[in-house]
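Each of the two complexes below includes chain A, the first together with chain B, the second together with chain C.
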Partner chain A sequence: MLAQFITNGLISGGAYSLIAIGYTMIYGIGKLINFAHGELYMGGAYCFYLFYIVLGWDIYSSTLLAVIAGGVLGMGLERVAYRPFKGSSRLVPLITTIGASTFLRAAVTLLFDLNTKSLLKNASFQEPFSILGINITPVQGLTIVVSLGLMSLLTVVLKKTRVGKAIRATAEDRASASYVGIDTDRITSITFAIGGLMAAVAGILVGYDQNISPNMGILAGFKGFTAAVLGGIGSIPGAALGGICIGLAENLGAAYISSAYKDSISFAMLVLVLLYKPRGILGEKQ
Partner chain B sequence: MSYLLHIIILVGFFSILSVSLNIACGYAGILSLAHAAFYGIGAYAVGLLTAKAGVPFWPAFLLGSIISCLFGLLVAIPTLRLKGDYLLIATLGFGEIFRNSLINWDALTEGPRGITAIPPATLFGFRLATDQSFFLLLFACIVLCVGTSYLLKSSPFGQVLFAIAEDEDGVTALGRNPVRFKVLTMGISAFWAGVAGGLYAVYVGYISPNIFSINESILIFTMVLLGGLRSIRGSILGAFVLIALPEIMRFVGLPNNIAAVVRQMIYGALLVLIMYFRPQGFLGTIRLR
Partner chain C sequence: MRSYLGKRRIGFYLATAVFLAFTVLIWNACSKSEGKGIRFGFIGPLTGPAASYGVAQRNGIMLAVEEINGAGGLNGKKIDVIYEDSQMDPNKAISAVKKLIDLDKVCAVIGETTTAGTLAIADTANRSKIVLLSPSASGAKVTDAGDYVFRASPSDAFQAIVAAKFIFEKGFRKGAVVYTNDDWGTGLQKAFEKSFSGLGGKILTSEACTPGTQDFRTQLVKIKSFSPDFIYIPLYPDESPVFLRQVRELKISGQILGADNFSEKAILKTAGTSANGVVFTMPAEPTGKAYESFSKKFKSKFKEDASYSSAVAYDCVYLLAEAIKNSNLSGEHTKSALYKIRNYQGASGVIGFDANGDVTTKEFTIIKIDNGEYMPVKN
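Presenting the complex of A and B:
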């Protein structure tokens, strides 16, 4: 039984990690908590729904286009809710992203209505199989593999490529980065796009597993944020670790305490971390 | 006429909510997205006590507001050590988890079905079942809430709150404990949200978890920002503009469920537009810091 709960924790933890990465990178670059991040997750899932179910395209191009749409949505968000307010108080972009998230949720509700929708066309993706006594569906297995794979890929991109180095330089010191010729506005835009891509992947995977609704991004966004803070905001391995910790804590808590408190666990964890270890597990000292 | 009165009553509920949120946000700089949760706690307390336990209106109403106040203190004690953006997201989490608990705690709250047949308010043995008589009770509560807000503003307590919003460390240096002040403020703010909730429950007679969602918190927050932080008249104006003006959509012939969603879009867009054009709000003087 314990092995099953740990597996479930890894599945939801993988998705939280992907959301947390966006929070952490955008915070690193823009010193902003992107309130609309959960809506990028929701938006990716709905784009997939539009392409795959409504328009009836095949699964590969639907997935690819929905993930790209998530990235474009992230860039649009940066244009509307972040860039015009760069010089103002930190609270201003916070409020504009709250506005953007309200707007996006309502827009999706208007287009698709409030009912939950299934992304399932092929039931075999949801057929559980068992390894070593653990039941897992192909989609759930894919969630773990894809989230670990994407996080490793992102780490390599940030370490080795030109863009990756520019992102790290901008996060470290924006002014100096622009002195050496880095276009920091473009880097910010790219960072929002990466956050959007990752969130869209998480949205599609979770949506496939648990169906989608316009409000799916609220709690997922909150938990992703908690994961980013728990791991240490600004740190990519921290986001991965934080997501998995939250996923495990939730599923073990639901199993051994009560499933009614599942969502409260992440709230308690956020408050405790912020109070007692505000830099998180892997956060850098200042 | 009765339609107009209904709209005025709705503006009234939201005036209490925005004026009380302004006490937290505008006076002490506590940005909170949990206000709908305190509103919901007041409503559910009154709904459960009157419809299920058979408690008369007034004791239930007072108890509901006090319970809401206690929740405000309880949430405030851990979260108010956080600042600005972290506080905002922690209160958002609390609000959403509160709504989830309403849905999941079926045995107490009837889950998503909500609580029905809540009896109307009474006063000296009279049932305030008509909109006109209910409005008198609501109006008295608005006056009391606005009065409290003005009193706070001019009191030494309020002055300390203003100072906390400006410079928390400075207040600490002067020997006051900002967290204690902020916790009390949150209690007062939550108390009045509970009052609005209790009134709402007996006015409509039916409550369900979705009435107290995060969207409602954002709506109240938008009212306060639109009117201008710290301005009491501004908060009332914000409630009026955001409740009464969208009613026009009804006359354009939009069906109810679509109008509700379009409204939501307007609130969202407004938040961005306020920050573009007038970050201090209509009647506000202070800027966000």
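Presenting the complex of A and C:
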């Protein structure tokens, strides 16, 4: 049973990590907590619903296009809610992203409706397979694999490629980065796009596993944000670690302490970590 | 220089906005004192986890208001309703009820949809002497919520007893409970456990979840280890389909026993075949002539199937109209007139209030879900 609890923790933890990465990267580059990030996650899932269920396209092109749509949504968000307020108080883009989050949720509610929807085409549930006594559906396995894979890929991209280096340079010191010829506006836009892509992947995977609704981004956004802070905001490995920690903590907590506290456990853990390590587990020293 | 001008301009805009806001307020107050119409308020979750209830109720209310106004109104005046979205958040319900009573000067409030919301706003309604008529708050605590609080659906104390008795008589002895951790869910969970144990059955484990939960796997794995005969699930409509799906995916056998969370047919579509065989309690089987004529009108207006929720909200408007008919709009009067209603033939069943403002004339029935359809079960 412990193995099953740990697996459950890894499934939700993987999704939290993907969301946390967007928070952490956007914070790194723009010193902004993007409160509409949960809506990018929800938006990706709804784009998939639109392509796959409403328009009836095949699963591969629906997934690909929905992920791209998530990236575009991230870039659009940067254009509308971040770039026009560059240079003003840091509180301004904070408020505009809250506004964007409300707007996106309302727009999806109007376009579709409020009822939860299943992303499965013909069946109402997936047949699980068993390994070592653990029941897991294909998409749940995929969630773990894809989240770990994407995070490793992203680490490589940031370390080795030109764009990755430009992102890191901009995050470190925006002014100096622009002095050496980096188009920091473009880099910011790309960062939002990466955040949107990751969130959309998480949204599609979780949505396929657990149904979708316009409100799915709220709690997921909070959890992703908590994961980013827990791991050390600004740090990519920190976001990954934070997500997995929260996924494991809440599932093991629900199993062995009480399921009534499942959602509080992650926040309690955050408070504890911040008391002893105020910059998060892997946070850099100032 | 630029920022200085900017600040002055902001000041100007602010002053204009404040001025306009006051104008609107005063104008509103004036138009109210002229007493053009009769104004009700509605508070319910139009968005959020229980939105399917709230939207169905709003539609039921709209239909009733349209009918009454089409037939010449109430006491010669048109009814208008102000709809407030509580998002299933008791705090939002409190702001909404204050706005409705203080600002909009409504003469009665229909709502809140959920037990937690109704309990949160009951105090304000009692103090302001405004009738609060909830279509669907079913928690046992609502009974003692005050003199001005009424409800058109029967109490959960009763619903849980019906469910416990039914499942016990069918020969099930070992149960587990998964419930939403709020007033409604815990109310049902406690009442169910009490009456099921009282009958001689055993509850092996109860697991809670936060409203809006979509991942029940850990709770379900725990339950599976107890291998219960059945699982009782007082969960909200948006939690129920994914719960059923995860039950099937974790290969958990055993009867699923629901509460009125399955009374919205929309969720059957999302749940699909995983809802087959679920048995649940529904407040009064909505059949009969009144329901049929209501559901026909509802379908032609909204292009959607009517449900218990929409029917009971529709009845609420007529109940208030009945109480206010040929009389003044004071809350005190509306209250005492409602207490006199004993035998109203509504679309959602017969409605009569007892001394606590509870409905005692409706009975819960047991329904089984079979390929997206409701099958009444004889008990």
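Just so it is clear, the second predicted complex is superposed on the first by the 276 of 286 C-alpha atoms of A that agree within 3 Å, B and C clash if a C-alpha of one lies under 4 Å from a C-alpha of the other, contacts with A are read in each partner's own complex, and residues count from 1 in each chain.
Everything that follows uses one rule, which is that contacts are C-beta pairs under 8 Å (C-beta built on N, C-alpha and C of every residue); 3 or more make two chains touch, one makes a residue touch a chain.
Source: prediction; values computed, not measured.
Novice: On chain A, do chain B and chain C fit together or clash when superposed?
Specialist: Pair status: clash.
Novice: Going by the contact rule set out at the top, does A:A254 touch chain B (first), chain C (second), both, or neither?
Specialist: The answer is second: A:A254 touches chain C but not chain B.
Novice: Taking the superposition as given, does A:N135 touch the first partner, chain B, the second, chain C, both, or neither?
Specialist: second
Novice: Contact-wise, after the overlay, does A:T109 reach chain B, chain C, both or neither (first, second, both, neither)?
Specialist: both
Novice: Give one of first, second, both or neither to describe whether A:K117 is in contact with chain B, with chain C, with both, or with none.
Specialist: Once the two structures are laid over each other on A, A:K117 reaches chain C alone.
Novice: Pick one for A:D263: touches chain B only (first), chain C only (second), both, or neither.
Specialist: A:D263: touches chain B and chain C.
Novice: Who does A:S178 touch here: chain B (first), chain C (second), both, or neither?
Specialist: Neither partner.
Novice: One more residue to check, A:L219. First (chain B), second (chain C), both or neither?
Specialist: The answer is both, since A:L219 touches chain B and chain C.
Novice: In the overlay, answer first, second, both or neither for which of chain B and chain C A:Q126 touches.
Specialist: Touch partner of A:Q126: chain C, not chain B.
Novice: Which partner does A:F5 reach: the first (chain B), the second (chain C), both, or neither?
Specialist: second
Novice: Select, from 24-32, 186-194, 204-212 or 258-266, the region of chain B that bumps into chain C once both structures are placed on the shared chain.
Specialist: Among 24-32, 186-194, 204-212 or 258-266, the clash with chain C belongs to 204-212.
Novice: Identify the residues of chain A that lie in both the chain B contact region and the chain C contact region.
Specialist: Dual-contact residues (chain A): 105, 109, 215, 218-219, 260, 263.
Novice: Would you tell me which residues of chain B are touching chain A in their complex?
Specialist: Listed in rising order, the residues are 31, 33, 78-79, 81-82, 84-86, 88-90, 92-94, 96-97, 100-101, 104-105, 213-215, 218, 221-222, 225, 258, 261-265, 267-272, 275-276, 279, 287-289.
Novice: Taking the touch rule as given, give the residues of chain A at its contact with chain C in the complex, in rising order.
Specialist: Going by the criterion above, the answer is residues 1, 4-5, 8, 11-12, 105, 109, 114-118, 120, 123-128, 135, 137, 206, 210-211, 213-216, 218-219, 251, 254-255, 258-260, 262-263.
Novice: How about chain A: which of its residues touch chain B in the complex?
Specialist: The touching residues are 32-33, 35, 80-81, 84-85, 88-92, 94-96, 98-107, 109-110, 215, 218-219, 222, 225-226, 229, 260, 263-264, 266-267, 270-271, 274-275.
Novice: Could you list, by residue number, the parts of chain C that touch chain A in their complex?
Specialist: 47-49, 51-52, 55, 181, 207-210, 212-215, 217-219, 221-222, 225, 237-238, 241-242, 244-246, 248-251, 266-267, 269-275
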